[in-house]
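One chain, subunit A, links the two complexes that follow: it is found with subunit B in the first and with subunit C in the second.
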Partner chain A sequence: MITLGQYINNNSFGHRLDARVKILATVILSLLIFQARGWEIFLISSFVFIVCFICRLNFFSIWKALQPLVWFAVLLFALHLFFTDGTVLFTAPYLPVEITAEGLSRGLIIAWQFIALALCGVLLTMVTSPSDLVHGLTYLLGPLKYLRVPVQDIAVMVSMSLRFVPTLLEEYDRIKQAQIARGSAIETGRPARKIKSLAALIIPLMVSAFRRADDLTEAMEARGYARGPRTTLNQQHFGREEVFALLVLGVLLSLVLTSQFLRAPFP
Partner chain B sequence: MIKINNIFYQYEGSAAPALSDISMEIHEGEYVALTGSNGCGKTTLIRQLNALVRPDRGTVTIDGLDTADPANHKEIRRLVGMLFQNPDNQIVGMTVEEDIAFGPGNLNLPPQEIRRQVHDILESFGLQSLAGRAPHTLSGGEKRLVSLAGVLIMNPRYIAFDEPTAYLDATGRRRVLAMMKQLHKKGIGIIHITHDAADMADADRLLIMNRGKLIRDGHLRDILCAKQENTGFTLPLPPITELIRHLNRQGWSLTPDIFTVEEAGREIHRLLTRAR
Partner chain C sequence: MNKTPEKTSLRGMAYASMFSALMAIGAYIMIPLPPVPITMQTLFVMLSGALLGGYLGALSQIGYILLGIIGLPVFAGGRAGIGVLIGPTGGYLIGFVAGAFILGKLTSLRRDPGVFWLMGAITAGMIVVYTLGIIQLMIVAKLSFLKAVSVGLLPPLPGDAAKIIAASLICRKIRRHIFNRI
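For the complex of A and B:
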């Protein structure tokens, strides 16, 4: 599935917050993560952990969402660890491998950045429903309409795709089962035959997707859809909680920026 | 009133017309059953009612609005609700409540108003617990109900149901049929496509199509009672009717025009009481 974390509404502060604020916060945090050095790393990490607590998220499900990425982070860490020149800390016996202090710190930072970015994405999708996410983005990208970008239509398209991803996956499964039942080698054959069977699977899937797109257009038209502005039941609200969240975000931003300015006042 | 006047329609690239020379009227509050063999054009006909396709020749007007004029389409689509053959393709929202809100959103109602209407309709369908569910996690019967809710929220004057009981189990089927009957009582015009004579029991009128033509149009009972002429389509009678006719052939004298279990029950009860 394409969703990082599973959205389960437990009506916490984080869940209630307006999607626009959450998207903005995620963008700002991501930028800060890229810039962070030294104690800023500690600051941002604690901030993200506190957010997890405030949103009353289940750490196990966060871990499950992050798990596939952890191996990649380990790989990133190892690459930097082994292939960075600098002060040698340790030389492996018999192997042409030297571990340097620079490699260790670079590897740690890169792995942390990677995990922290992924965590922000997971957090956002865990506390925001896909539709709120789409509507929040639609709002934030709203000014693009002055460049004649049909933001509203794109929002409908994105929602539709999100709606139909699981259905298409089901369809894929159904076609696959049907082909296995008729002796396809998709699961048992040698690689070359497997690839051929896969091709035989993709075509009916595409045909069915196009057919579905036709039916879908019809269903939307039948219910009065026309291009252009439309409303939804998503209400955007900007209240005290949103102001508070933005203030906290502002404090974090200024702390990190001040720290960076003190470290290198004249870039 | 829905007025269909001598319409012809042929799909692009197909050899024979899907609809040829069809004329009929459907009045407000009528309950019309529509049947015919696979591929005879039933779905194509109801797609005309909602301006999804427009006739090549002839006219379709809905309460005086001609479907040929694109300016009428928004209003026509509000007036005529459509329940498609496959509910999977009808549900367009990411969640149940969002799907039901799709129609009102197209009418540009304000969010609070949409929220209120969606809440009311979920409540009347007893679907509150499904509000946040993703459509692909619903059962076939639930999908039907959700798509019906999405149609009803538009307050349509007519609703076309394309094989609404397909894929449903006995309970789901009864539930959907009861709901249709209730809508009819509220004065909504119902057009009900079905292959099953037992499903038509509540209809006042029956239309039979064959190869793009309307071959019968009349009172449901009259058509079911009449000896079927050789028109290329034989409507299978409900099993209960077959049973009664079978008994009659064996020498019993039951009223032959019986189409529901209730009617059969009354008749057999009458006979048994007399025998006792």
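For the complex of A and C:
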């Protein structure tokens, strides 16, 4: 699961683009995806496909990243398909199930939203290295430091937890197998026993996680980690390519907003 | 644990970021309990506040939300992106921050909180989480109060009651491992 959208090193327009612009684009796209109806769906989909093409990502790796989510999308689709009231299109023989026009369209839209959102996230993480992402995010959250939010500390924390996630996931799998081998009732058994075996799962996981955090702290202190503004290997840059990307994004945004405004003018 | 923001130690930061990672994993740890399968996320919200204190607990939840915003599929159901935060269930995520802060503050009122004090503090924190969650659910999904409660509060309630008990017990066991270290 955690291999989802791992960074693929390459040199394309999408890879070179500044992380701040890419984060901003993802945020705007995910807002648009939530509002999209009708032909805007095709507009946004084709935009995302063009971006995939520009970033020189092969479709196999994208498919591999999205595969685990496709089943969830199908489930969401089925949920809306079968449980929405409206005009009946089709009644399944022998089953108390009716397929309605509203259910079909809503299910399609929800499934599309889900996949499109996931695709945007996957794209961002595939073309941006985690350290660039964190750096860009720190910049974008920068104004919060006037509210006494420790933005620098949060940035360091996010990059630390990025590092912790795969390790802890592996650790969790190992502990779970070990407990099941010892006869843990985590998947069978009555609720009261499940809670007990849950504790037998969580406590070792947390103790091991605290130990890892201790190791990391000592390693960082030994290397002379100091608080405060940090520098990075790759400087952030804002050049012609970034302006171009923002312009394209602006065009897309205004197209979708115009279409929405035409459909439902403000009262 | 009454420390000013400037004085959070590096170790505290490492613990908090570890809790962000645990939150991310918690979305995938599912226990099949009736009526709905429960995830371990709220358990880690409770533990982050109860073990790290209010300030670091809230920071760990902010870190978790940021992990989701930069595109890691760490929100419930494998979702990601800023859209989730402003979507119908986003109030719970904001509630995680506020809830962890409040239950952490309540926990650190006592030097060595007992199981019942912990349960009370955690329950108060969870009330904050669900209040914020239901308010946003009502606003974004345009549901009436009763409908929002029946969708957003009743299904996870039995699981959460069990988790409050489990969290208090786990906290009592683990607390001495990290006490005096942060």
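Here is the rule we go by: the second predicted complex is superposed on the first by the 216 of 267 C-alpha atoms of A that agree within 3 Å, B and C clash if a C-alpha of one lies under 4 Å from a C-alpha of the other, contacts with A are read in each partner's own complex, and residues count from 1 in each chain.
Going forward, a contact is a pair of C-beta atoms (placed from the backbone, for glycine too) under 8 Å apart; a residue touches a chain by one contact, two chains touch by 3 or more.
This one's a predicted model, so the numbers in the text were calculated from it and none came from an experiment.
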item	value
Partner chain(s) touched by A:Pro229 [first = subunit B, second = subunit C, both, neither]	first
Contacts of A:Ala101 with subunit B and subunit C, given as first, second, both or neither	neither
Touched subunit A residues, subunit B compared with subunit C	C
Partner chain in contact with A:Leu257 - subunit B first, subunit C second, else both or neither	neither
Contacts of A:Tyr172 with subunit B and subunit C, given as first, second, both or neither	second
Subunit B versus subunit C as contact partner of A:Leu69, first or second or both or neither	second
A:Leu137 touches, of subunit B and subunit C: first, second, both or neither?	second
Which of subunit B and subunit C A:Leu216 touches, first, second, both or neither	both
Partner chain(s) touched by A:Ala78 [first = subunit B, second = subunit C, both, neither]	neither
Contacts of A:Gly121 with subunit B and subunit C, given as first, second, both or neither	second
Residues of subunit A contacting subunit B in one complex and subunit C in the other	160, 162, 167, 212, 216, 220-221, 225
For the subunit A and subunit C complex, residues of the former touching the latter	1, 4-5, 23, 26-27, 30-31, 33-34, 68-69, 72, 114, 117-118, 120-122, 124-125, 133-134, 137, 148, 150, 153-154, 156-158, 160-162, 164-165, 167-169, 172, 186-187, 191, 194-195, 198-199, 201-203, 205-207, 209-210, 212-214, 216-217, 220-221, 225
Subunit B partner contacts - residues on subunit A that touch it in the complex	9, 129-131, 159-160, 162-163, 166-167, 170, 212, 215-216, 218-226, 229-235
Residues of subunit C defined as touching subunit A within the complex	5, 8, 10-11, 13-18, 20-22, 24-25, 28-29, 31-34, 40, 43, 47, 59-60, 62-64, 66-67, 69-74, 77-83, 86-87, 162, 165-166, 169-170, 173-174, 177-178, 181
Subunit B to subunit A touching residues, read off their complex	47, 50, 52, 73-74, 77-78, 81-82, 84, 86, 88-95, 97-98, 101-112, 114-115, 118, 132, 134-136, 150-151, 154
